[in-house]
Structure formats: structure tokens, C-alpha cells
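Structures for review follow.
Look at the two complexes coming up: chain A is in both, with chain B in one and chain C in the other.
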Partner chain A sequence: MEFLGGKFLQVAIALAVFAALIGLIMLIVDRAPKSVKDKVTIVGFLAPAAILMLVGLVYPAVQTSFLAFTNASGQPNGVDNFVWMFTQPEALVTLRNTVIWTILVPLLSTGFGLAYAVFIDKARGEKALKALVFMPMAISFVGAGIIWKLVYDYRGPAIEQTGVINAVRVALGMDPKQFLLDAPENTIFLIIVMVWIQTGFAMVILSAAIKGVPMELVEAARLDGANPWQQFRNVTIPGIRGALVVVLTTITIATLKVFDIVRTMTAGNYETSVVANEMYTQAFRAGEPGRGAALALVLFLLVLPIVVYNARVLRQQREIR
Partner chain B sequence: MTVMPAPDEAANTSRTQTRPSKGRPVSPEDSAPIMRRVKTKLTSRWATAAAVIIATIWTVPTFGLLVSSFRPAAKQVGPRSDGWWNFFTDWDFTFKNYIDVTAAAGSQSANLSQYFANSVAIVIPVTVFVLVLASMAAYIFAWGNFKGREAAFIFVFALQIIPLQMALIPLLTLFTQVLQIPPGSYAQLWIAHTMFGLPLGIFLLHNFISEIPGEVIEAAKVDGAGHTTIFWRIILPLSVPALASLAIFQFLWVWNDLLVALVFSGGTADVAPITQRLAEISGTRGSRDYLNPAAAFVSIIAPLVVFFALQRYFVRGLLAGGLKG
Partner chain C sequence: MKNRKYLLPIAATGALALALTGCSSSGGGGGAETSDVDCAPYESYGKHEGKTVSVYSTIVDIEATNLETAFAPFEQCTGATIKYEGSKEFETQIGVRAKAGNAPDIAIFPQPGLMADQAKAGNLKPAPQAVSDLVDKNWSADWKKYGTVDGVFYTAPMLANVKGYVWYAPNTFKDKGWEVPKTWDEMLTLSDKIADDGTMKPWCAGFESGEATGWPGTDWVEDVVLRVQGPEVYDQWVSHEIPFNDPKIVDAMNKTGEILLNDKYVNGGFGDVRSILSTGFAQAGQPVLDGQCAMHHQANFQAANWPEGTVVAPDGDVWAFMTPPTDASKGQAITGGGEMVGAYKDTPEAQAFQAYLASAEFANNRVKLGGVISANKGLDPASAQTELDKQSIALLQDPDTVFRFDGSDLMPGAVGSNSFWKGIVAWINGAPAQQVADSVESSWPKG
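Moving on to the complex of A and B:
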């Protein structure tokens, strides 16, 4: 256990340095002359975070945008990387998969999450039932990858199956299937893993929204003779529209950036790669940072409309306040 | 990304998970025709059945992993292996897998205890850094008075959407070539994770801190308190619920991260987190395959403990502010 000592020391030093820096900032702010005190406070409180965000996010984003127009040796090559992306069969498969992911994951997660939230609303043991479905949120994508590899496990028809799904298939008289190898449906089986993770998130948000729908409206609909489906369709759904939009956009963005699931389960082989994974492969494995940057830029452009939309909603909300 | 139900709505739903149906006055209609009662009872029974089926499907994969992790190697891989569900009829239980994956040496060892320690050493400073820096910035965005405050805040909000993938290449060059931060230390990971955690942290805390009544702050000012006093003595203590939920979020993201680790850790056993080691050993198919379930369980045990212990705050944070995209 001697390795622990070194690690502990490093952590302690880091925390001490950080505390000293923060202490220094507080001291400067406190001692500043009254005339400039407010300005010094603003700079002192804001500067550390601002510098870190500028260096860590803004500068790299700008840099990557330029990098997207260079080749493997760093020379400008115009739009070659984008031409590659939209013409090469492998790259096109990546784009196709990304589109499939971003359509299916938000719809399925939100659908299951909503159904589940409605089913367990006011049920006995609601909390426990919620925790079971919400739990995958706490598991890393790598851990989820291992869990689902076990579920999808395949063995030849002659021997006993170790994967749950193939065991069920064999019991029903079907042939076992190589879930992760057979394109194109293997992409669907990877998507199921992401849906498994995200459904809990959708469920928690939507469940809260459902409880926020005024009880009187539901009662009124019921007195008017609406059956449960009509109550759901005409009262609940309009009442939670805002939460639905939030859940859909959030999951869409998470899906666009998904990387670990594909990487741990198939490493992007067998036609399962997505943009976020291909970006890592090109930039850090294939020695093509330009292509990686171009893919990252496309990712950013795909997410941009969602940001603009959300920023507008945010501003409207702040204006109302 | 953003999750923004109306604040009051979020507040009372998180406090009352189940709507108290008993407390409501019983209207005459409720005691009406037996038929309708039977009907609602029936539909709710179907709904409960469907819920139980979904809950089962969602839980079985993780449960299977847990059971597998206690089965001996020969039962998991090779010609004598079979499905984990056979565990219940063919009781064969061992801790050996756990000993193997955590042992510090040996040909079969995945040396996970060392990587586990790395994850702890990465996640603790990052969580502290993000909480302190984000709350300072959030305080200024909420209560500071300067030109362009709104625009700057919207900009910070928008930063959440930059895919990490875009930031990695330039940041790695900056760290190693310009700033000369040694690759075999935690520093690169601490700084990178802090940078990436700030936009959401600021956003989450700002939502909470800006709701603190202005009179509280005014009263402190009248009493002669400066900004630092107000921040440490009033803002932070009042923000404990928001800080708690951000801390949980931050813990889970950093613990579960693979991408940032792959790029900045250098992959050495001295620095790399447990997720990276897990990805490594699960990527190589072979004689060590039987270790995967135990290894995976070791890696998810910390987030699961944090999750189940602090679930309440976690959910509250989700509802009050936002979630990283």
C-alpha cells in the first residue's frame, strides 16, 4: 500500500496550493481601497473561472476550427477533410450511424421514461421502482458496456449460452445471434445500451413534471367522462410539454457526444462507429488530427441549433423575472 | 444541458416524492359507482404490471453482472461455462475474482486497487476546485454589478455545449508543450476536468444563488460586511443543498469519465483512473475474461454507493438546474 502515500501527498499539495490561491484572492479583495473595491471583487471572483474556461474551452474550440482545414502534416488543405467525411464509405457509415443514434435514443428513452413515470405514479413502492430504473445513470459507460456485453454474449449453437438474450432465444427454439457483429442491426443493439442509461433521467424529470400538473385539471377531465388515456392525452401531455422538450434536447446532446459505449463494446468496428468515436480514432490513433478536428466541428455544428434555442428560452425566462 | 422546471414546482416535487392522496378532501364523486372504481383499479393493476416488467428488464443486466462476479473462472469462460442464472441451482460461490482483480501483483492481477486510488485522487481535488470556483463566479453573476453581465452569463451557459472532443487536441498541446505539465502526474487531469466542469457548475449554482432574498445581503451590507464575508458567511451556507447536488454530479462525471482520462493520463498505472483500466482489460479477449464482471463491479461500487446514499440531493439538483450534455 506504499503507493497510497505518494498519491495522498500529491492530492494534499494540490489542495493546499489551491487554498493558498483562493486565500490570496480573498485577501486582495478585502484590502482593496474603497474606490475600486467593487471592481476588484468582480475581477477576483470571476477571473479564475473565466481564465480556465477561456483556456480550456474557448481557445481550443477556435483552434480546432482552424485545425479542421489542415492535413496530417499540419498544412492547410482547404475542405479536403470535409470532402473525405462526406464521400468515403467508412466515414459515411459513421455519419449514418450518428443520425440513427440521435433519432432513436431520445425518442425511445423519453418514451420509456414517460410510460414508466405514468405507470408508477402514486403506485406502492414508487421510490424503490424509481431507483431501479434510475440506477444506470450512476454507472459509467464503460461499466455499462461490460454489463451489456454479458447480456449479448454469443456462443455457437452446439454449446450452452452464457448471454441472457441468446439463452432465451435458444429456449424458444431460435438460433443464437451475434448481436454485436452483424451490421447494420448491431448499431441498434448498442443504442439499446444508451437507452437503458438515459431512460432513468427522462423518467425522473417527467415524473416530477407529471406531479406538477394541477390535480384539479385531471379531476375535471375525469368528471367529464374522459378515460385514463384521454386524460393522459389531453391533460397530462400538454401540462408537461416544457419538460418533454427539455428531456428530448438534453438526451439528444448527450447522444451526439456519446463515445465510450461504442468504444468499449465494438471499438467502432463492424460498421458501428459514430462521429464522436471516429473523431478520437482519427485524431489520436490514425495520426489524422485534421480529420478528427473536422469531425468535432461537424459535431459542434449539429449541436449549435439546440444551444441557440436553449439560450433564447433562458433569456426569455430571465426577462420575465 | 438545461433542465428548468419552474423553481417552485421543482421544490415541492422533490420534497414530496409521492403525492399524498390521503390528505385530500374526499369529494362526493369519489364514493360514486362501484363500476368506475373497479375500472380504475384494473387499469392501475395493468400499469403496475407493466412497471414491474420494465423495472425487471432494467435491473437484470446489472444483477447478472453481480452474480457473475462471484462465479469461479471455469464457470464463466471455457468449455464448462454456462449462464449466470445457473448460479441458483448450481451453488458455486467464490471471492477469488475480487481478490485477483484488486491484488497489487501477480500475472492475473488487474491491479485495480491502485487504479481505484487513482480515481479517488483525481475526483476529490476536481470536485473541490469546481465547487469553489463555480460558486465564486456564480455569486458575481447573480449579485455583482457590471456591464454585460447578462451577455457573459448566457455565453457561459452556451459553453456547456462545446463537445469535449473539440477541446482535446489543442489542450493536450498546450499542457505538454507550452505549459510543460508533466504527463505522468495528476495535474493535467485535475485542470482539464475542472475546466470542463465549470460552465455547468456556474449555471447550476447561479440558479440557486440568485434566488436568495436580496434583503439578506442588503442587511449584511448595512452591518458592514464586505463581499468576501457575505460570500463565505452567507452565500455558501445558504447554498448547501445546491452545492451538495453539484458535488454529486461532479463526482459521478469525473469518476465515470473515460475520454478525458484517455487523452490526459498518459495511461500509466500511477495516474490512470479505474475506468481506463477497465476499458483496457475488457478490450482484450482472452484468459482474463472471467475477471471482467468483478472488475466492473469494483469500478461501479463507488458511484453506486454515492448514488444510493445521496439520491435525494441528486434528483433535487437535476430538477433545480441542469445536466451536463
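Moving on to the complex of A and C:
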């Protein structure tokens, strides 16, 4: 218990120091002369966050950018790392897989989530049905990877199967299949795990958005003789457009960064590697930080337009309101 | 908004939980009980009362406890305190810690390649003369070479393991009238015989090891390169004087494939050839005990992978023979691994401890506790706790044995702990040896 006590003390001290710092900033801001008070207030409250941003985000980003143009021993090597990335067959497989992931996961998750949200809307036991689909969200990616690895587990035809899917296959008289070893479909089997997790997220957000569509509009459409599909197509979809964009972009960013699922299930073997996984492997396992940094940079460039688009759509919506 | 009132406690608990899990590294230190020790052999290390030496390595759990027990006499006689920390993350963390100025005094490297990177980066201190002399006295020149980078001697070997054992069930062999093979060809003939017999597959194998999947396969290929092509080609291959995709290496891979890629031979108890990739390396030997396969290739540490109560002895449940040479007249050649002890500080107490780890006293103290061996010539074979350890020590100390360090540990990290493993995985999964070798060669760092 001595250990726990020490931790509590540490937490208490940290909280006290934090409170004291905030208090000090507030005091200084408050005491500033009237003429410059506005400026002091702005600087006083933005500076801590800005400094943390510089130290924790901007500096590492700049350093990574430089690192991307060096070799394993830290010597500058021009664009060699990028040449490697776009010429080596293994690296190309990584890029190809990332493209497949980012196309399939957002579309499938959002599609399933939207369909589910529409079908259970105002249904009996809606809350329980929602909870069922939302539950995978509570499982970490590593946990999900391990669960699904067991689901896909393979044993030879002569032995009792432990994996659910192979057990079913054998019961139906088929041969067991090495789900995680057969490229390229093994990438699809990994994508299923991500879709399984993200569908709940899409469903919850979209369900809330659907409930936000004004009843008057739906009723007006019904009175005009629109059938359910037309109501959905012409009233619901425009009404939830903003939510759809948020869901699609959020899932796309999460998918671009996917690491844990691939790492736990195949470790990037059998042609299933993705950029984030390769980045870690190159930087920390292979001792090629330059290649890792180059991959990180490419990943950043891929995420950037999506973030920008997301921000623009949000701003447009605010202007409409 | 009736739910609002729950938010604060939940958030507070969450924050607290985060803070609590923040740092919970498993620190070592102390633990080992000390008994009466004869301090005479320890006088040369001097007195270091009140001084602390921090040690960092990959060794954890029971192995770590045994290691700390073996440190105890040194602590008791010199007065120094050894602060031991073991971590499975050592390989990635040691570089980070050195860069951050938080390096341990002493680091125990499991791979010479990793050690060489640290030495080249200027982080390691060259070994003191006393350690160098001890290594000259206690180890063969091969071992000293593994601790030398660009002509400077940095690290002394500590413990060792012997790879290339083939595990089998002596009773099954006796019942069936099978003989332990003396040459590679005899081993293939025996494999055919077992396959034709039909009661079991001749081999079982498992290369699954999380993100390190494939490494048991590199051991296989290294054993075959050393036995078929000889130590000269092995050295050239490891130091990249010949390319990884040299015909001799591809040839050795194909020879390994005669066993590993042969559906008639593998994979006893698990399925087809590709089931090697989904079988954990620690479970892979199990079918030897269950009578589903006859032989399993794994280092001496496989002894710890058998279920509790398994008797490892020439007349017990399992026993092992060394993978035979292709030409019996040329003598035995074996691969193995070991730890290298490097110093980040050159304080007197750190240097004294480094010398202790290179000494015969340490080797005997540690080997007596079981589970490991050392190539230290001062090691008394009677210190070994099991028949297998005795046999391994005899092999290591035999002047006629050609010993070579595990090749993948000597290769640069980009190959030895990445593309070589991945190449093995692709090869077992169906890619031709030539294509795999080409791909590994192209990943070899330039310059």
C-alpha cells in the first residue's frame, strides 16, 4: 500500500502545482494595467497551450521531417527513403493495403451504421439494439485483434478446430482455411475487424442525427406522397449530411492510422502490412528511423486533406446557421 | 440533464486511474537472499561501499531472479549495490534511453548487432584491460570477436545458448528401432522411414512468435548454411561479403526446404506445411510427447518449453541430438547465441562489475542455478544442473567444435530482426527461396 500512497501523493502534488500555476496566470492577467489588459489576457491564456503545442507537436513534426531525409546512421541521403517507399515491392504492398483499407472501412462502416440506424429508428427495444452494435466500440483495437484472431484460428483438418469460423466450415463438410495467411483476401478479413468496431460509432452518431431531422419536413414529404425510400433519399439524407461527413472523415482518419489490428493479428506478415505498422517496424525494429519518418510524413500528408475538408464543411454549416 | 451529476465523479475516477497506471515499471533490486560467501576470489574487484551499479537487460521473471541471486556474492563482498532492471522492450528502449541521457551503467545485449550500433554511436565505453584479459583467458577468440567493433573491444560475453538441437522421444525411437542420425543424409533417410511408417509425421515445427514470427526459421537456415557451406561462407554471408541471395545461400535454403516445405515430413500434429506459421514456437514441440511427430528442431532452451514434469534425459521423455553435419569427418559445427555485457559508464564500480560478469566465479554461480550455460572455459561442467546443460557445455568447450554466433543476431537490425524473419514467413507461405533471398538482399542497409 506504500506504493499506492506514493502515487496518490504524486497525483495530489501534480494537481496542486497545476492549480497554483493557473491561479498565478489569472492573478497576473488580472493585475495588468488597463491599457494592455486585453493583450495580456490573450497572451496569458494562450501562451501555455501554445508552448505545449510547440514542444509536443511542432518540434517533433519538424524533427521527423528532417529525419525522413536521413539514412540509418543519421547521414542525409536525399530522397532515398521515398524512392525506397515507392519502388520496393514490400513497401508498395503496404501502400496498396492502406488504400484498400481507407476505401473499404469508412464506406462499409458508415453504410452498415446508417442502415442499422434507419431500421431500428423508433423500433421496440431500440436502446438495447443500439447497445449491441455499439459494444465493440468499448473494446480496444488490440483486444479486438486478439478476439478475431481466435475467431479465424486454424487447425489441421484432422484436428478439432478452435476457431469459430473454421469449426463451422468443417461442420459443413468444407476444409478449414488459413484465413490470415492467404493474400490478398486476408486484408479483407482484417478490415472486417475494423468495420466491426467502427459500425457502432457510425450508427450512434447517425441515429442521433436522424432524430434531429425536423418532424414537419418528414410529415410534409409523406403528405406529398413520397414513399419511404423517397423520404429517406430527399429528406433524411440532406438533413444528416453534416453528421455523415463527420462520421466518414473520422473513420477515414482512424483507418489511415490503423496499427494495432494489423500488429496483433499478422504483424504485417503475409502481405497485410499498412503504413502505420510499417512505420513502427522500420523505425524501431529494423533500426531505419529515416524510412519510418518518411512513412510518417506520407501518412501525415494523406490525413491532412481530410482534416482540412472536415474543417471546411463544419465552417460552412456554421455559416448557414 | 440529470446525468450531469455523475460526470464529475466518473471523470475524476478516470483521471485517477490514468495517473495510477502512468508508471508501473517492474523495478528490480535486492530480492536475492545472501548466504555466507567466501570473499577471497572477490578481493580483486575492490571495495565499492555505498556505490550503485544499474543494470538493464532483456532477462525477466525467474531468469531475472536467478541472475540477481548470482549477483549477490559480488554485492556482499564489494559492498556495491546492483540495481537490476529487466524489460522485454530492451531492444527498442536501450537506444532511446542512451539518446535521452538515461542509459544504465551496464547493459546486457542479447544481440551483437545491436551492441555494435551502440558502440558505433559512441555510447558504449571500451572495456577495461581487466575485462579484456579475462575474456582472453576464458573464451575462444571467436567470442572476443563478437564483442569487438572496428578494432575496439567493448563487450564481454556472459551466458550462452546452443542452437540446432533436434528433440526426440528416446522411447519412441527405441520401440520403432530408429537410430539417431550421424549425418544430414542419414537424417533425411530416417525422415523418409518415419513418413513411410505412417504412425507419425517425422517433423513438427512452429515459427509463430507475435511480431517476431519467423525467427525459429532463421535458426534452421543458419544451421544448414554452416553445415553445408562451412564456417567461411557463413562468416562471409553474415558480414555481407557475399550477397544474401548468393547461390550458396539459396541452395542452403532449398536444402532446408526439403524438410520444412515437404508435406510428407511436416507438420506433425498441426496440419499442413503452412500451419508452421500459425503454431507458436513454444507449443511446437508438444507433438513429440504426444507421439504425433518424431523430431523437433530448437535450441537448448526448449528444455524449459516442455510441460512441467517432463524428464529431459537420454532415457527420459525427451532428449536431443545436435543437427548432424553433412560430412561427419569434418567435425561438429554449431550455432548459438549469448549475451554481451557493455558499459555506458566507466566508473570503478561499473568496471569491477563488468569484470565480475566475465569471470569464472559468475559463470559457476549462475549456471549452478540451472537453465543456462556459458562458454566460459573456467566453468566447471559439474556446475551444470541437467544432462543437457552438461552436454551443451561439453560441446562449447570442445576445442574441435566450430562455433558460430546466431547469424541473424549479427546482421544489421534491418535484416536480422526484420526482413530475414519476414522472408522466412513468406518462404514457408509459398514464395520461392530465390525470390525471398532477393528481397532480403535488397533490404540490406547501404553504406
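Rule of thumb we're sticking to: the second predicted complex is superposed on the first by the 284 of 321 C-alpha atoms of A that agree within 3 Å, B and C clash if a C-alpha of one lies under 4 Å from a C-alpha of the other, contacts with A are read in each partner's own complex, and residues count from 1 in each chain.
The working rule: contacts are C-beta pairs under 8 Å (C-beta built on N, C-alpha and C of every residue); 3 or more make two chains touch, one makes a residue touch a chain.
Computed from a predicted model, the values in this text were never measured in an experiment.
Colleague: In the superposed arrangement, which partner chain does A:I22 touch: chain B (first), chain C (second), both, or neither?
Modeller: first
Colleague: Quick one: classify A:A286 as touching chain B (first), chain C (second), both or neither.
Modeller: A:A286 contacts chain C only, not chain B.
Colleague: Look at A:I159 in the shared chain and tell me whether it touches chain B only, chain C only, both, or neither; answer first, second, both or neither.
Modeller: In the superposition, A:I159 contacts both chain B and chain C.
Colleague: Of the two partner chains, chain B (first) and chain C (second), which one does A:V36 touch, if any: first, second, both, or neither?
Modeller: After superposition on chain A, A:V36 lies in contact with neither partner.
Colleague: Considering only touches as defined above, state whether A:P89 meets chain B (first), chain C (second), both or neither.
Modeller: second
Colleague: Touching A:R263, do we find chain B (first), chain C (second), both, or neither?
Modeller: Both chain B and chain C are touched by A:R263.
Colleague: For A:K7, select first, second, both or neither according to whether it touches chain B, chain C, the two together, or no partner.
Modeller: both
Colleague: Give one of first, second, both or neither to describe whether A:A72 is in contact with chain B, with chain C, with both, or with none.
Modeller: Once the two structures are laid over each other on A, A:A72 reaches chain C alone.
Colleague: Once the two structures are superposed, pull the chain A residues common to the chain B and chain C interfaces.
Modeller: Touching chain B and chain C on chain A: residues 4, 7, 10-11, 14, 159, 263, 267, 284.
Colleague: Touching residues of chain A toward chain C in the complex: what are they?
Modeller: Checking each residue of chain A against chain C gives 4, 7, 10-11, 14, 71-73, 88-90, 153-159, 176, 178, 180-181, 263, 267-270, 281-282, 284-288.
Colleague: In the complex formed with chain B, which residues of chain A make contact?
Modeller: 3-4, 6-8, 10-11, 14-15, 18, 22, 26, 29-30, 37-39, 41-42, 45-46, 48-50, 52-53, 55-61, 63-64, 67, 112, 115-116, 118-123, 126-127, 129-143, 145-151, 159-164, 167, 196, 199-201, 204-205, 208-209, 211-212, 215, 219, 223, 228, 242-243, 246-247, 249-250, 253-254, 256-257, 259-260, 263-264, 267, 276, 279-280, 283-284, 289, 292-293, 295-297, 299-300, 303-304, 306-307, 310-311, 313-315, 317-318
Colleague: Using the touch rule from the top, collect the residues of chain C that touch chain A in their complex.
Modeller: Per the stated touch rule, the residues are 16, 19-20, 91-92, 95, 117, 120, 210-214, 267, 269-272, 274-275, 277-278, 412-414, 417-419, 422, 425-426, 429, 439, 442-443, 445-447.
Colleague: Using the touch definition up top, name the residues of chain B that touch chain A in the complex.
Modeller: Of all residues in chain B, those touching chain A are 1-6, 9-10, 13-14, 16-19, 21, 24, 27, 29, 40, 43-44, 47-48, 50-52, 54-55, 58-62, 64-65, 68, 76, 79, 81-85, 104, 114, 117-118, 120-121, 124-125, 128-129, 132-134, 136-137, 139-140, 144-146, 150, 154, 156-159, 161-171, 174, 185-187, 190-192, 194-196, 198-199, 202, 226-228, 231-232, 252, 255-259, 262-263, 270, 275, 278-279, 282-283, 292-293, 295-296, 299-300, 303-304, 306-308, 311, 315, 318-319, 323, 325.
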